[in-house]
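Letters A, B, C, D, E and F name the chains as they come in the text, with residue numbers starting at 1 for each one.
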Amino acid sequence: MNEFTHVDSNNQPGMVDVSDKTITKREATAESIVTLGTEILQQLTDGDIQSKKGPIFQTAIIAGTMAAKRTHETIPFCHPLPLEKCKFSITPLNTTQVQIHCTCSTSARTGVEMEALNGASAAALTIYDMCKAVSKAITINNTRLLTKSGGKSDFQAT
Amino acid sequence: MNEFTHVDSNNQPGMVDVSDKTITKREATAESIVTLGTEILQQLTDGDIQSKKGPIFQTAIIAGTMAAKRTHETIPFCHPLPLEKCKFSITPLNTTQVQIHCTCSTSARTGVEMEALNGASAAALTIYDMCKAVSKAITINNTRLLTKSGGKSDFQAT
Amino acid sequence: MNEFTHVDSNNQPGMVDVSDKTITKREATAESIVTLGTEILQQLTDGDIQSKKGPIFQTAIIAGTMAAKRTHETIPFCHPLPLEKCKFSITPLNTTQVQIHCTCSTSARTGVEMEALNGASAAALTIYDMCKAVSKAITINNTRLLTKSGGKSDFQAT
Amino acid sequence: MNEFTHVDSNNQPGMVDVSDKTITKREATAESIVTLGTEILQQLTDGDIQSKKGPIFQTAIIAGTMAAKRTHETIPFCHPLPLEKCKFSITPLNTTQVQIHCTCSTSARTGVEMEALNGASAAALTIYDMCKAVSKAITINNTRLLTKSGGKSDFQAT
Amino acid sequence: MNEFTHVDSNNQPGMVDVSDKTITKREATAESIVTLGTEILQQLTDGDIQSKKGPIFQTAIIAGTMAAKRTHETIPFCHPLPLEKCKFSITPLNTTQVQIHCTCSTSARTGVEMEALNGASAAALTIYDMCKAVSKAITINNTRLLTKSGGKSDFQAT
Amino acid sequence: MNEFTHVDSNNQPGMVDVSDKTITKREATAESIVTLGTEILQQLTDGDIQSKKGPIFQTAIIAGTMAAKRTHETIPFCHPLPLEKCKFSITPLNTTQVQIHCTCSTSARTGVEMEALNGASAAALTIYDMCKAVSKAITINNTRLLTKSGGKSDFQAT
């Protein structure tokens, strides 16, 4: 098992020094599931042409993209990284849940997992915000990394 | 059931106009659960005096507080609110999970639910970031509102 | 004619002291016109149900709202103001131009003109950004204040 | 004519993936014209040594530079780019108008048009803010790209 | 002697709850001294009409004002406060030093000491930045609170 | 003696054009000294296991790291730089003073002195904030560059 890389031998927190790592193309995809409940989700998708799903999911994509770009402002020891790709898919998973996927990519000395996770999380919170007048019993679950490539080791969620 | 207040009759998204609402004292508490797994959590809490729990949980509290103050920069239609209180408790829930509670309060024309949720979420992501070198199989669950008071109607999660 | 309130007798720039002014409800509406040209605008509005107008105008509304909330970060001597309302309308004006209106409101010691202007301007730049792959000959014009109320004197553009 | 690159086949908005583009030196110059009117402009430039023009134009340069650096925070799908050059010239054009030129440059996988446009626009709004106590009938016009080089195709405004 | 109000009985850091305090008019003035050395300061003030002092001190005022407005983004447990006044004076103190005074004011439940200190500090760092090509042996000293009023107790530096 | 690189021949302030400089690995260390006084420092370090020093110094490290990453938002003409390393040490220097060292590093066309100075300064202000309820007579001194390498010329403070 690896070390807690953000805590040094004096038990002080700090940024990992990545200055000697190689620049490689990094990619990561994260997921987040918003449990809205049947009533909200049905109402959200009502109407073929003019459902509320359009503006709500689009606002979530925009909020998620903007948050992913600024991840290093939110997570104290994240390195600033100029994102080159940030792609969202937001789709109803069943009659009660919406699934968010966020894929980030860049060429850098460190990975973009936190960018993908922060992007998915901000999109989920935005959906929450735009539906909370209908019900407060919304829950965000399963915020997790799905895949990651380009660093020391790849990762694939089971 | 209520309306989707952030989408107008032309299906355009937008901020809710709260300018005619009364200023009252608002409070909200949100929760988020980080499932770290037994190995990480045990390693995290090892050592009575100098466990890694200290710096990691403290970094999470600071990140969560700073994120809560800037919620309106992340959630597109959140109103800017000058937070007067932002209190965290982060505690191991069992051998695999850490529970985050974030309570926000202010006197305003609208509530602080999103501030509490965003604070809890940022604290959870920060714990994730500081433990991800040990394992990538961390999941954030149950990000939800626990209680809310001071607005049109109170809320208590069941 | 009035003074240049942001430059003192030593010719130093600075924030206006509003601490002794009264809190009143302020509102301002600003305009900005994006000249896209016939080709872009036609292509943008093509397709009854799935025109590109939807996502582009909605992205502009979101960008404009988020920029309006953070006006004091962009304009050096603007006072921070907690916006209570920020409403956009974006509509094709003719076969070549799109008109943006942004209305901001809050209760404060100073007005929200710059918030409305900054919001309209950010929405215009966002439309520019999303159409610039089609043509670089886009121009933003007529960024100006339309109305203002609630302060020492009202204003109505002629 | 090209595509709307920021809207996908499902009509969802999103960032363009530039991860496979080559890093080249990019430069762009944008313009913005502030119509202040004869009275303001004359008053602004009065006094050989201590005109108000000094602090107002300098504040505009600083605001424009700071805004250009943060363009990706304002324009939702702009890529974060570390600017290496940001140069302003602000000059009276005639007895009623001030002309702003902003040139941005960096080595990146995508261009700096939006940085130049956002910089010029923020400088124009700052001049507006600092003159608005004298008159509300100020207009910002002609915010447009003048030249661009270093990408797939160069551009020169006619 | 008082308590460390930002650390609770479990030794966890956190924001002070000010939600039950009364809104009063608060003011604070802070100081910072930049020791530039004789050579820089003389060169800076050379030329009656067109000394470098103009643009450098003005840039410092603008940077300090903008930083003061965003103090709660830099200092983790500072409450967000809408500043109503932020006034700078920057003056050569002798042949080697420049003195910065920053006065902040607002009506709030908590004081503006950190805003004044952060403003003075950002102005000092900006002067440093603009003079550092001339010499690296610049030092910032005496960053401290001079006066404070409007809270539980006033303060006057000795 | 060198030029004031941030002020041009028309006495206008502006960013230095670094687009033709070579990318090299840059490193800089800055210092800041917080004079807390004997009473605060003793109280701060009281208790072997649970001294207030832990949370206060850790909060300062986090605030300093986050500020260093955003230096270009505070200092008007600083270039945005993706920091690859940001390391703090905060140690009591004697019975009244705490010494902060901040080392920043990245590969870039320009140096990281301002990042190190801004990081040290934000950490110092955070310690101030967390101790100010105990005494207002705290002073921050000696904010200065200690070493710098990787650019045109190295520097070592005497």
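In this text, contacts are C-beta pairs under 8 Å (C-beta built on N, C-alpha and C of every residue); 3 or more make two chains touch, one makes a residue touch a chain.
Keep in mind that this is a model prediction, so the values were computed, not measured.
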Maximum centroid distance from subunit A, chain identifier (CA atoms): E
Selected interface, E-F versus A-F, where C-beta contact pairs are more numerous: E-F
Centroid spacing, where centroids are CA-atom means, of subunit A and subunit D in whole angstrom: 31
Geometric centre distance via CA averages, subunit B-subunit A, whole Å: 15
Multi-chain contact sites of subunit E, meaning residues that touch two or more partners: 12-13, 54-55, 58-59, 62-63, 66, 76-77, 82
Which pairs of chains touch, using the document's own definition: A-B, A-C, A-D, A-F, B-C, B-E, B-F, C-D, C-E, D-E, D-F, E-F
Residues of subunit E that touch subunit D when the two form their complex: 49, 54-55, 58-59, 62-63, 66
Residues of subunit F defined as touching subunit E within the complex: 1-7, 11-13, 39, 43-44, 50, 52, 54-56, 58-59, 62-63, 66-67, 74-78, 113-114, 117-118, 121-122, 124-126, 128-145, 148, 155, 157-158
Residues of subunit C that touch subunit B when the two form their complex: 25, 57-58, 61-62, 65-66, 69-70, 82-88, 105-107
Subunit A contact footprint on subunit D (complex, rising order): 12-15, 17-19, 72-73, 76-77, 79-82, 108-109
